[in-house]
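Read through the structures below before going on.
In the two complexes that follow, subunit A is the common piece, with subunit B as its partner first and subunit C second.
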Partner chain A sequence: MKYFPLIWSNLKRKKVRTSLTILSVLVAFVLFGFLSSIKQALTGGVQMAGADRLVVRHKVSIIQLLPESYKARMERIPGVVIATHQTWFGGVYQDPKNFFMQCPVIPEEFLDISPEIILPPDQRKAWVNTRTGAIVGRKTAEKFHWKIGDKIPIQSSIWSQANGSHTWEFDLVGIFDGKEKGTDTTPLFFRYDFFDEGRGGGSYGKGMVGWYTIKIKDPSKAAEVALLVDKEFENSDAETKTEPEGAFVQAWASQIGNIALMVGAILGAVFFTILLVAGNTMSQAVRERAGELGVLKAIGFTNAQVVAFVLVESCLLSLLGGGLGLGLAWLVISRGDPTGGLLPFFFFPVRDVLIGVGLALALGLATGIFPALQTLRLRVADALRRM
Partner chain B sequence: MNWFSQITAITRFGMMSIPQRRGSAMATVIGIAGVVAVFVSVLSMAAGFKRAMTVSSPPDSAIVLRSGADSEMVSGFSREQTQLIADAPGVRRTDKGPLSSAELFVIINLPKRTTGTDANVPLRGVEAPALLVRDNLKITKGRMFDWGKDEVIVGDGAVQEFSGLEVGSTIKVGRYSWPVVGIFTANGSVDESEIWTDAKVLQAAYHRGDSFQSVRARLTSPDDFQKFKDFLTTNPQLTVKASRQAEYYADQSEAMTRLITTLGFSIAFLMAIGAVFGALNTMYSTVAARTREIATLRALGFGSGAVVVSLMIESLMLALIGGAAGAGLAYFAFNGYHTSTMNFQSFSQVAFAFRVTPQLLGQGLSWALAIGLIGGLLPAIRAARLPIASALREL
Partner chain C sequence: MSEIAKDNGALVRVDRVEKVFHRGSEDINVLADLSLQVPVREFLALMGPSGSGKSTLLNLIGGLDRPTRGTVSVGADRIDELSDQQLAHWRARHVGFVFQLYNLMPVLNAEKNVELPLLLTHLSKSERRKHVETALAVVGLSHRAKHYPRTLSGGEQQRVGIARAIVTDPTLLLCDEPTGDLDRKAGDEILDLLQALNREHGKTIIMVTHDPHASARAARTVYLNKGQLSSKPEL
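What follows is the complex of A and B.
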């Protein structure tokens, strides 16, 4: 620690160069923060998925509906605690650009199976008592300035009412929060009984639902239960495909593309570049100071100490840049989703912040190691002559 | 000595001394190459997606959906309605009848080759004029399916992206098994992401009665679209929305293209800032290393303008080399690279190929030059302002 002032004044010697290097490291870490959050936004649902939940959908594709009567049959299967369903409503509020998910659900069952949704008890009661009632997540409520008691008209592109109208009006009875940071608080949920009675347009879809969510007793038996469910409906008109919620979300995310790979490739390019820039700065610094380092060695500093000076300096440089960059990224990201709704899970996960700090340290070591090794080859006599 | 030859002389000295500073020069070059490579490859993804979505829509083609439906997925027509649309004025006719195809659009789950996870692959039921309503549709392997038979043909993009679609394999849809009898190409367009069969076969398999989801028509000329549209929207028997096919697909691709473009630009912008710092560093140390040389030249009567210009030339040269390397890397690594993504409007996969266009390469090089310009300017000015007497003394 007592050598810290020496290292510090070395950093201060070429202020322009030091600040430019810190700034380029900073930019790399701002990018790191952004890309981690985007990756989180696109794939984060996987970590939020409940381990004790299975998703059952039509085997052919998710757009095919399943009979509502499957519920009772699923609940008779050993290991299944409860089966409840959701249906894609495909609606928009006022403008097609205002996209968020809406689903008709059975309120009590849905809330019981989704502990990540936090709804005050009085609002829960109000929902159970109001047939036209709907609850919405905090994010969407704030986006459109909705208050409890508002009437919310939603136009569905899929479902029309008996009178042919595609507009459905709901009474907002509750606003829910997420239990964790990553919980999606953009959807709107309304009551299935209201939906099923209301939907008209011939016989299309009556008594049919989109997909089921099953809660199981023992998460370690997920695969067996899934198999039993699919077996139950084998050779019927609507065969099913059952998988753990995590796998379902994972498959959904990989439909967008191989996000992890893309983010990895871009970050690889960024860090390789910054490694060169910062590494170059460090080796310049060491080359310029060859004489001084020689003096240090001449007055009795060991090789190891000189190597440590260089390494600590490079780590300091990259930790300063990295820390500032991560901080800046944190500030910008906490202001929310830059795309205005396309990325509901946009936040900077703590895990990635820690990875960032580790990366900064690794970058410091990697940029410092070659210049540091150069000092080993430095012979005192040669170095002193350069003074 | 005139100004121009002064510049040439100083620039030549600079170039000759680059090998002595190769470490820092390389750092600049690679830094800029990184920016350009990331910029060009991310944006080539957007360009490829957009091309796939819009390339096969001739200007005289139209698509009709139920009013209020934003994609085929949620649209619906009865046979009578599709016939009214086919008979509308403006639709081109041949001796076999109007060039209009009433179509069904559903999705089926097939595993993606890259991840093995289920993806929503579009399955389309078409009528005979479908091949004439679109441009450039060709069977490249096997044969066309027989009308009325349980057979499918598959687009080349889908074959590359999803497992189990080669000629001779069978796809299972519920209780039906349909053999793949042919592969078609459509100039790399979105049609190539699809599986096609006879609309009647698909109606039966999906219990759809005699209903359809969209009608595609070829018009007598692009100018007749308004006539066609007016007829349909004023007909009390129909509540439909008619669009030019090109506009319909452009709308569908807009959100995704915008997302990728915004991301590409923001990432490249941030990286460019980093690269500017790197370039500044390099040029400042160049100036520092050449202080005595520059001061000597100034003392001999070289102008400060010439010093600035020649240092700028050096910086721009390095930037250009970096830019070209990055653009080349992006081109060779990604041009034509096949992948697929989700079209959120239709809930289905679109296979497409990255496209590194000449415009993108040009944009990438301009980014590189801009970085070189900004990175070179301040150090060059500093060099020009060095007090000659003290700089000469510097070692």
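What follows is the complex of A and C.
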């Protein structure tokens, strides 16, 4: 600590240059924060996926429907505890930009199979007893200032009622929270029986569902159970593709592309540039101070101490920029999903914040190491002449 | 072999030293078979024309460079045999350097500059502060402790440099043209100060200078020319 004033004074020596370098590091780390959050948003569902859950969808594509009658057949397959279904509703609230996920489900089965959803018992009971009842995640409820008892009109782009209307009205009977921070609390779930009846006679998709989620007894036998499920519906009109929930979510996210690769490539380019910028700053700073470093050595500072000064200075520069950048990113990201519902898992994971701090430290070491090694080659007698 | 020696009680003993610098394929002999002894508490002036090897000799005595051949001892230490790290520790304990261009840290104020060598000791913050106050008082700059080098005159900066050199109470003060960048008045003040440090505080001082006026303040003057020492200037 007694050396800190010396190191800090050196950082303040060229205020404009130091500020610009810190600013460039800051921008890189803000970008890091946002890209990490976007990656989290697009792949977060994979991490939250249950190991004991499989998703069964139509073999051709997710938008092809499956018969509701598959449920009973699935539940007869050895290893399957329960099979329940969901269907993509594709609705908006009042305005097309107010988009969030809605699905018709069988309430009790859905809640039993989804332990990550926390719903108070009285609200659960109300949902089971209310045919038009719906529950919604806390985030969406807060966004639209909904409260229990409200009637919520949702316009579906896919499903019309028997009277031709695309607007479905639900009674809000519950607001759920997530068990973990990463749990998506944007969707609205309503009762499948109300939905299926509402679709009316002869309506598109009646008796059909989007996909099934099945709970299995033994997660280690997931592959075997998946094979059995697909075999059950082989050569039928609606063949299935069964996969772990994580893989299903991953496949969903991968429609955009290889997100990890894209994020990695952008961050790689950004940090390489910053490495050059900050490295150049440090090299220049050390060159300019060769004489002073020579004085330090002359009065008894060892090579190791001088190397440490340069490294600490460079790490300090990087940690300042990185810390400010991560802090700024945290502030902005904590305001929530900037897309208004398209990225329900949009948050800055603590794990990524810690990675960011590590990255800032690594950046500091990487940018400081070569200038620091320059000081080893510095002959005191030569350096003193450079003052 | 040239020898300016005093046998007993020598603090500095330079024995048959050669220093060769290599520039490309060319070898430049800066010091040749040079011996010198400096007794404890002596104020020695080292004079000679530019390129005569004065600063090189000072660097060898101060452990900033190593001889090509020969030995350099200060007190009981054979400093030509010490490793870089041992030399650094040795310098911190035993030598104070005063440079022609003061070589102060521009980002630190006077007291922080003076405190620098004390950072290498185990002294507490308050102990360091006391030492710094004493050193600044000795050079008469207590009132300028918070001033940065850019706000001090050349003479004042050199006083800060001297305070930095004496703050650890070293055995030996090595001064490389300490008045070379100062006007006569300021130079005289610095020489007064060095004389006082020698006479009143018992510091052994070796001062490189071009200036006969400065060398006249020393107890003894030796002349270096073409790598050889003599007690008289070469005509």
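Rule of thumb we're sticking to: the second predicted complex is superposed on the first by the 383 of 387 C-alpha atoms of A that agree within 3 Å, B and C clash if a C-alpha of one lies under 4 Å from a C-alpha of the other, contacts with A are read in each partner's own complex, and residues count from 1 in each chain.
The rule is simple: contacts are C-beta pairs under 8 Å (C-beta built on N, C-alpha and C of every residue); 3 or more make two chains touch, one makes a residue touch a chain.
Just so it is clear, the model here is predicted, and its values are computed rather than measured.
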item	value
Joint occupancy of subunit A by subunit B and subunit C, clash or fit	fit
Touched partner set for A:R138, first subunit B, second subunit C, both or neither	neither
First (subunit B), second (subunit C), both or neither touched by A:A28	first
First, second, both or neither for A:L276, with subunit B first and subunit C second	first
Which of subunit B and subunit C A:R73 touches, first, second, both or neither	neither
Touching partner for A:K221 - first (subunit B), second (subunit C), both, neither	neither
Which superposed partner A:Q155 touches (first subunit B, second subunit C, both, neither)	first
Partner chain(s) touched by A:P5 [first = subunit B, second = subunit C, both, neither]	second
Three-chain overlay, closest Cα atoms of subunit B and subunit C, distance in Å	11
Intersection of subunit A interface sets (partners subunit B, subunit C)	none
Subunit B residues within the subunit A interface of the complex	23-24, 26-27, 30-31, 34-35, 37-38, 42, 68-71, 73-74, 106-109, 112, 114-115, 117-120, 173-175, 255, 259, 262-263, 266-267, 270-271, 273-275, 277-278, 280-282, 284-285, 339-342, 347, 349
Complex interface listing, subunit A residues touching subunit B	16-17, 20-21, 23-24, 27-28, 30-31, 34-35, 38, 59-64, 90, 96, 155, 157-158, 166, 235, 237, 239, 241, 250-251, 254-258, 266, 269-270, 272-274, 276-277, 279-281, 283-284, 338-339, 342
Residues of subunit A that touch subunit C when the two form their complex	2-3, 5-6, 9-10, 12-13, 291-292, 294-304, 379-381, 384, 387
Residues of subunit C defined as touching subunit A within the complex	55-56, 59, 62, 64-65, 84-85, 88-89, 91-93, 97, 99, 101, 103, 105-108, 112, 116-117, 119-120, 125, 164
